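Sending over a structure as structure tokens; questions will come in a sec.
Naming follows writing order (A, B, C, D and E), and every chain is counted from residue 1.
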């Protein structure tokens, strides 16, 4: 599932702490601004708190970069995907790996595979719906933030027309205003939103997004980056030694248990 | 008084005049040639630098991947219909309300002072605050009020927000046009017995609007694009459609397709208006050499 | 406050200032129907200002203007109603540059006086014919010579058939033959019942057209009376001096 | 010719005139009062409906939570400095280039035909395509080309993109201003021996610019806001700063704070320019009653 | 192609059309230095067009204009250099509305002729004084009376000390006393060495100021010569007819 086959650097060439990074001796990691709960806690990735922050530090360590050698920068979505040289070594902000995207940038192996979930409120059209057919039948209007897999789920998997928002804040407001009936986000975010941001919020259920071509979140690197192989190896190693599972357990444990819509 | 053309229908330019015309033509041609060649040279150099730069291929593939562009075009066109529909609706309302506001602001009647004051505040405020906030306030704020009977349809609310903002801009453009019409024109119209309204209708506005047509077109073109801002409310316009595709593919060609759609509408519009304007000016003005 | 029976226009104690400059300083006169009252006076003496005030284009600072016995300087007057009875030719012509000659002339007859376009065009074309401008009907004002523009301005005012015509230097751009044509027109109009107030620098024209001549000086009407009396036998010293200088300049 | 003021320094308005003035004043006051009261009534009704609507409290907390606004203000102000800096830099370049383009487009010399043609294309294209695409193309495209010696500093590139777009708009506004100056003014200036350039400098442009000041201000105000578009390149302006905060808190007050900052700059600017303009017009024009 | 020795301006076979209208149809004349050549003719006969062509403000369709022996209708001529020697007063004044009277007058002396602001102001003020406009120096043109505007236009042209003055109907808005003042000025200027081409409708003015009088008709100079000859003893039938009508109109 890794897109690193075409990456030049063989894994054996990864000398700890001496990769061909943007800035020698340092590892520059980018994330979004703001970075959201529970991926990063309090928008402070430097603290290592939050799922993606923890993953980033784990990968860094695997690559031979201590906490002090890691530098965080913020990037916009466009800044991450634009052609040309990048100012980060890798970028993580829930980028789903797809083959189409892999033509433009490199991805590591996936570090997490999130299902999508529909957030709504008590008494909405979607309250009580238990399967995918029910969503369509309810004539529900679903929203999602732009540049997310959630959007693909609505359009290609449910075959509905989505209301597309700049970010989850817009979607949540529209949901509160009952301008949409449900907001599709990844499951961890869904738990946060339904619990904290939406009065009487509910999670209608989760949807396996694989059918929409989603093969999980990967670390994003510049196309043909010399370190893609090393990073992928690091992620693979972290997966096999159980580190990622532990991190998932720590930050995303309470995100299981929503009914699966089929 | 002056002789009709028949007098000199068989008039032939003198030898001197023929030489002069030839020379003038030669000179013009030479200058046009110089200007043309230098333009081509400059543009050519840029193109060559562009095409031979190390990153050209990757840039081309990211921004100008035509096959992909054609593939996403239907989606972008679908979004574009939103821009066009909103422009038609918002455009006409903006024209009307902007005109009203401009008339209030340019009126001199002391009785209208409070309205003039309000109109000034309106323009200052709604021109000055980011349109995105107006759209958020109207599009998300009004439904949040839960006033019975008031729509929470984003298309309607978004259009209202666009109208509110653009009215401020267009009012200023029209105001400037109205101010350029010399007071003696009003005096003449009123002295002919035309009412205040008739004077505006037949004398002031025809001259005013003609004079500010270029900035009005600016605003129309900007409006077509800015109707897309209501995409923050969840409506998909051409740029949003492009953005969605780009987010999927990490390729910017959809934006270029959106731009081409915009140009396909705005350029003919601009050229057409410009031609009408130029014709009317040519008919109206005596043209000397200056 | 009553008006002499035959006076169409009656002006009493009119005063107009621009900033610190007193332009009209207590002007009083009456204009009987079917007559022409002509104002002469040095450049800057306030002739144009007076005509503009009569047309309610300037707000006067004091005094009364009565038209047809109605005080048109009253606060609650509707100036549009007043101006329906008035025609004005401006010193600077003030043609509408975005309209052809014909459109300039027919605008008011159609929009204000309710003529059909055909009626208005017919009347306009016959007036244009008379002033030698038939072939300029579709031309735009900017492309006319000075004298042609002035004739269009005159025709534009005539086409409305007003009760009172206010004419400001209407011969300044005309050749002598046309001046005569205008003179004849003015006489004809008077016979047809028109009343006129005219400002001019042309003593000859003034003399020939005026039933009443007023000499404006220092913001006041220094002398007025029959044209021949004022011009040939001026009583007031100011008038005498002005006319003497005009004479010595060979312009009489 | 006319008597100096000293003649009538002790002139007192007649009884009639005093009555007239009083009546006029009374009438004006009455009308102002009616206009004022009706305005207040309408606005008041709206406010009452607003404040008594079921969702008012929630709306107020979402958009006007002042405590939170004050908290985020420093961040928004920090972003705002970007807007101001870019506006100053871009603004002056846009003024210059826009003027140049307008002059080319309004020139009549046949020798300049190729330039006129290019200028027209330039305006049509860069006015017509969404600024976001220009910013992406310049801000991400140029660095992607990897031409040696060419900067890849986003601030510089973003500013260039803004300049490119706004030049097209401002050129059209100035062009319209230049076209409103009557050809006889040029003729007079040239007949006085002024060169083409001097004629522009002293006769055409002073009149032209004065006439299009309101639409120019439109563009300046829009520019202040639109410099923020370069935030897609990763620069944080006031609106982007607000957006970041809003995305965290799901509360829109930061946008309102940004809007207040914009207004704090644009309103004084507009009022000041308007006053200068009105003064100059009052000095210049004879003002009749129409 | 040579020029008679004392001619400052020489025009040969000048032709100008507007669309299908032939306005100037083979005009030839010479203007000796220190003299005034006056053009009379009906309204629309092409006087203004001729003056504009002399000032290179209209491109002629045929013919030659020579100034100081130099063909200024040549293609490679620099019109700015030519116009430095020329002064023009437009029939419609064409004052700059955004400049005060003083600024209108001093613009060219300062920017084109390199005078200091003080020199230019001094000269301007003395000319304003002479034409009775001293106190209007800081006023804006829109606030002047017609005659005041015309005087400013005249002063603006005079202030530049040109070699050749082109004057288009410069007395149309003036009162008789001022007309006389202008007449005296023109005479003085001639004595000081100025050369002039003048278009006018005022036969009296023409007669008194002209060294050479040309009657323009049908796009041609039908008759020219000494003013008294042309006006009092016209030879050509067209001239005779025009002057007869002027006479019968009482305007001579």
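Miscellaneous remarks
In this section, contacts are C-beta pairs under 8 Å (C-beta built on N, C-alpha and C of every residue); 3 or more make two chains touch, one makes a residue touch a chain.
What you are looking at is a predicted structure, and each value in this text was computed from that prediction instead of being measured.
Among the remaining chains, those touching subunit B as well as subunit E are C, D. Across all inter-chain contacts, the pair with the most C-beta pairs is B-D. Our note on geometry: subunit A versus subunit C, Cα centroid distance of 84 Å, whole angstroms. Inter-chain spacing, taken between the CA centroids of subunit A and subunit B, is 41 Å. In this assembly, the C-alpha centroid of subunit C lies 45 Å from the C-alpha centroid of subunit D. With touch defined as above, residues shared between interfaces to two or more other chains in subunit C number as follows: 41-44, 52, 57, 79, 92, 143.
Counting partners per residue, subunit A has 82-84, 166, 173 as the residues that reach two or more other chains. Multi-chain contact residues of subunit D (touching two or more other chains) are listed as 1, 27, 62, 136, 141, 143-146, 187, 189-190, 252, 285-286, 288, 290. Each chain pair that touches appears in this list: A-B, A-D, B-C, B-D, B-E, C-D, C-E, D-E. Residues 13, 15, 17, 20-23, 25, 42-46, 52, 56-59, 61-64, 73-76, 79, 217-219 of subunit E are the ones touching subunit B in the complex. Across the interface of their complex, subunit C is touched by residues 1, 184-185, 187-196, 198, 202-203, 206-207, 210, 280, 283-286 of subunit B.
Here subunit A touches subunit B in the complex through residues 77, 81-84, 98, 100-101, 103-105, 143, 146-148, 151-152, 163-166, 170-171, 173-174, 176-180, 223, going by the rule given at the top. On subunit D, the positions that touch subunit B within their shared complex are 27-28, 31-32, 34-36, 39, 49-50, 53-56, 58-59, 62-63, 109-115, 118, 124-125, 127-133, 136-137, 141, 143-147, 169, 172-173, 175-176, 179-180, 182-183, 186-187, 189-190, 199, 211-215, 217-219, 221-222, 225, 228, 239, 252, 255-256, 258-259, 262-263, 266-267, 270-271, 281, 285-288, 290.
Put simply, subunit B touches subunit A in their complex at residues 55, 58-59, 61-63, 140, 143-144, 152, 154, 231-236, 240, 243-244, 246-252.
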